[in-house]
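After this come two complexes, each holding chain A, first together with chain B and then together with chain C.
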Partner chain A sequence: MTSAALEAPRTDDERRAAVQEAASRFYRRKTLYSKLFLGATSLGLLIAFIPLFSIIYNVVRNGISYITWKFLTTPPQSPSIFHKHQIGGISNAIEGTALVFGMALLMSVPISIMVAIALYESHGRVMGALRTLLEVMIGMPSILFGIFIYTYVVERMHFQLTGLAGSLALTVLMVPLMSVACEQALRGVPAVLTEAGLALGAKKAQVMRKIVLRYALPRMLTAIMLSASRGIGETAPVLLVIGSTYVANWNLMTSQTTLTTLMYNIIQSFYNYQRSEVWAIALLLIVVVFVLNLASRIIVARLNRGHR
Partner chain B sequence: MSIEAAVLTGEPETVGAGRARKRSAGSDVPYRILIGAFAALIGAVLVLYFYSIIDQSIPGWQVAGWHFFYGTNWNFFNRQYGALPLIFGTLITTTLALVLAVPVSIGAAMAIVFLIPRRARLAVSSIVELLAFVPSVIFGVWGYLTIQPWLDRTVQPWLVKVFHHNWPFNTNGSGFGLMLGSMVLAVMIIPTITAITRDVLIAVPAELIEGGLSLGATRGQVLRRIALPTSRTGIIGAITLGAARALGETIALFLLLGALDPNHPFPRGLNSGLATLSTEIVANFGQLSGTKPLGVICCLSLVLMVIVGLTNLAARLVVRRSLQRLQP
Partner chain C sequence: MESTTENSTMENSPRQSAATVGIDPSIVSMVDAIPSNAPVVPVMRLKDVAVSFNGKVAVRDVTFDVGKNRVTSMIGPSGSGKTTLLRALNRLHDLTKSAVVTGSITLDDVDIYKGGIPTTLLRTRVGMVFQRPNPFPTMSIYDNVASGLRFNGIKKKAFLDDAIEHSLRAAALWDSVESRLKVAAATLSGGEQQRLCIARALAVEPEILLMDEPTSSLDPVSTQHIEDLLTSLKEIVTIVIVTHNMQQAARVSDDCAFLLMGEDRAGELIEFATTEKIFTNPTDKRTLDYIQGRFG
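Entry: the complex of A and B
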């Protein structure tokens, strides 16, 4: 082809044919590159999917056989060489998670909503600094919240390793995330509504309570659910301050075991059967997290449809 | 003067408006105090957070000294506090994870934004983001019970054979180590980078894309020559945020990285074990006795905090600036 192109085409027909061929060659190469590039991006998407499916597949396949009513409601037992399958249940961890995480939610939800309102209402430099601080805290390694609670509450205030310390660690961890997300929800309220309220002579507190909060409630709920699903899976900060226990004692002022810390403890077990028990706990956790996630996504999708 | 007139003239000193303003300001005070108190509370707690870790690390600095930053002999049990291998471990695991995760994430984000039909976009990106909500301990378990046996029995013996025991596969590892850790870490940060890159790509003005297409460029060319350069800063920010998440990852890496070899504090290949700042915090927390070890733990925390905090701050600035530039 190159030699043909170098020979000066004589007639108009030859010239036209040469141009056409060059153009189609260029076009074919161009579309080939384009297809390769698009193929590479789809490959990326495919690879991004694989781990999720692998995790879900393994968790369900290996975990489902452990889950019985007895497993959920009895305390754990230590296996021995002769009784390798004697692992008991995980009632202590379920109770611990309910207690520690429930307490953390009780503390962090009201605080986060108030902080979100504060961020929403004020525009000063101080609040700007607070917002930046909160955003930096969101990205902080979660283990540092455990270190903070350990150094301040356990070490300085001579607290024991208790469930309450775990709740505090989770609270400090969740509040930045929750408050920034809730503030986003508040910002979604149309200015027309708040201005109408203010124009009618309502006070700011009234506008907040009767218009903004009411309007933003579903979105705030999703923000809280998403932050909570992040918090319930945290291991490191809780692990440092919570101690561990074998019985479900429903007492925040004693050591507790949560689902995540129990996973951490038994995965290093000497016994295969007990080691695989973590899949069952992972299954419980993943179900909780995904249900929270899906529910919040459905709420958001509903809302979007309603507004359109 | 009527209220309309006051608004029009912009003159606030009318009798009625003044009174109304004063009254409303007066009754807003409790509300302002309430929300201000909560803001102050959380601000105080966060300041306390920094103060507490810095304050508790002082005895640690007295023990470890400058040796902490350049010493290579880390052995918590024998009170040898040279943390350079740990800092290196934190950086190398993150770097390798980024090398694996960045191409995948950018490809996935581009496919989500430009390839997938608009109707399926939400569903597909939700599935990818679901990965971000899987608790990190489950990634650890998955790596520990699923990926590690696979690496140990299939992948690594083959790699060692292919590389003839040369670097970076010079040792027959146990499956645990740098390779396993950074693979799982990459999986953990893919959703973060994908989600932010997707947002940045969506913000690329449609006129640019349409202009490119109307000039006869193919879709691949438009993506590579127009979409990528336009959103470059945003993507860098996304990568940095992913890096910040990887730098602080604790429990999964603790389960997957194996043990730090005291004779070779820096990993000799992809099969060798190592430790990072955060895994070493967890590993040694059970051995605390007296204030000095806690001080050293706090030194580790402080270094981690500074590294991650700076990375995060930089990432947020970059992302915000690029989104502002694209959406004036």
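Entry: the complex of A and C
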């Protein structure tokens, strides 16, 4: 292959001819490469989606038949040898989730926004270390938060398992997620807007409230929703501290059952029929997370309308 | 006017003296050749001003007076410290922890750093327009202009309505936005957004308006609009403008500060004089080289 193309061309025409010849020879290889690459990425996509779709398929297939109005609104009933198919509903868990998770949101959202603002505003080493700590907390096994709350709350309340303890565990779990994500949202606000505000004689707090937070709001909502979806699906930290109940009692100071702890409890059931109930609860959870996500997208789209 | 008196004014005309030192007459012709007879009243005085970051000097040795109701331009190549200097004048460097401003900058004889003027009040007296138009994207046109007043506790609708019309008129934007004041500011074109930013800055009635290359991201027509605006604006506000563009400095400014990066990469003031003098008969050889286009 000591072709002319490899020797140094002497004229402009020769050089152009050499480049064009090489390019057309390389063309087929180039095409093959890109096809292979496309194939590899498609395969990766397929591998990633197979478990996802099979989970959703199984959840829907096994769970959908249970979902009735009665199932959602009545308390559970334990099956017995004589009534193997008697399971009642999950109203206790729906109430428990709404209560425990709602309280956790009520605590974690304002705390996280404050933490995010503090992280955003300060530049010192101490704050840098705190941020790193929060990031580390995100990666911690979630049962640790349950153990922490068990040790410092449940034991001090004379080992009483309460919904409040569950809310606290979820709060400790969600605050790092939310605050780091919200800080990212704040960092996305162009510095020129802050400067413009200050140059008009605004105080820092005014700039934060009227410009920075307002601009970052859609992204912060997204961040909060994502962290919340993570929180609502958590089992381990809650399981340790909230106990369980059969009645929807709307009282944070008593034991509660949430959708996830109910799943954990009934999967250990003696009765097959009751065990398959977990699919229905899983379906419910997936729908709730999906709706939360959809709602946040709609809100964000509305907030974004008219600017950006 | 020039045709009838050409001969008699020839000797003193900027065009002629420029020719003798070899400056492109087309630039010089832009200089407003009729010097104002009104005495220059300094409103802001800079003395030995230097700005450094982390101990590294960015600009130094700056001493000049900003004349009331005049346009003062700051020119010089990239890295000469023009913008850094400008941002010292409304204490915007306060945001940067490592920044230190030394020397003295006085506004009506009160030191803006040591004289006890609260920073936020200083910034209502010394407004700023930035390099790229930066209207608040979440606010309407009306709310953008009102923002500065609201930040300073003015909430009365009648007052705001009046101030907003006045500022938008001063920024030559009123006619095109009058019917859509409640529309998001982001819907305006780039040139209109910059005029909106000028209106927003004017609404708090500053005594001095700092402009940091306000036309560098605009098309020629929008640039022309803003330049035309400056001439009328200086009736109501003193203007300090940083520009990359020598022709612009020649066209719009009365006084001109020329800055240059020294050997240690710190910017310094080379020369300050009337724009006419800088562009026709500069004292320093380096100024001459710059305006002749030898570098920068």
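Points worth noting:
Basically, the second predicted complex is superposed on the first by the 246 of 308 C-alpha atoms of A that agree within 3 Å, B and C clash if a C-alpha of one lies under 4 Å from a C-alpha of the other, contacts with A are read in each partner's own complex, and residues count from 1 in each chain.
Keep in mind that, in the parts below, a residue touches a chain if its C-beta (ideal position, glycine included) is under 8 Å from a C-beta of that chain, and two chains touch if they have at least 3 such contacts.
This one's a predicted model, so the numbers in the text were calculated from it and none came from an experiment.
In the superposition on chain A, A:Ser34 makes contact with chain B only, not with chain C. By the document's definition of touching, of the two partners only chain B reaches A:Phe148; chain C does not.
Counting the residues of chain A that each partner touches, chain B and chain C differ, and the larger count belongs to B. Shared-chain residue A:Ala295: touches no atom of chain B or chain C.
Contact with neither chain B nor chain C is seen for A:Leu161 once the two complexes are overlaid on the shared chain. Touch criterion met: A:Gly197 reaches chain C, while chain B stays clear of it. In the superposition on chain A, A:His123 makes contact with chain C only, while chain B stays out of contact range. Within the superposed three-chain model, A:Arg214 lies in touch with chain C and out of touch with chain B [touch as defined at top]. In the superposition on chain A, contact is made by A:Met140 with chain B only, not with chain C.
In the three-chain superposition model, chain A touches both chain B and chain C at residues 201, 203. Chain contact summary for the complex, chain A toward chain B: residues 30-31, 33-38, 40-45, 47-49, 51-52, 54-55, 58-59, 62, 111, 114-115, 117-119, 121-122, 127, 130, 132-137, 139-145, 147-148, 150-152, 155-156, 172, 175-176, 179, 201, 203-205, 208, 226, 229-230, 232-236, 239-240, 260, 263-264, 267, 275-276, 278-279, 282, 285-286, 289-290, 293, 297, 301.
Put simply, chain C touches chain A in their complex at residues 90, 92, 95, 97, 120-124, 127-128, 130, 132, 134, 136-138, 147-148, 150-152, 184-186, 197, 200-201, 204.
Every residue of chain B that touches chain A in the complex is listed here, in rising order: 20, 24, 27-28, 30-32, 34-36, 38-39, 41-43, 45-46, 48-49, 52-53, 55-56, 103-108, 110-112, 114-116, 122, 124, 126-128, 130-131, 133-142, 144-146, 187, 190-191, 194, 218-221, 223-224, 241, 244-245, 247-251, 255, 278, 281-282, 285, 294, 297-298, 301, 304-305, 308-309, 311-313, 315-316.
Against chain C, the residues of chain A that register as touching in their complex are 123, 190, 192-203, 206, 210-211, 214-215, 306-308.
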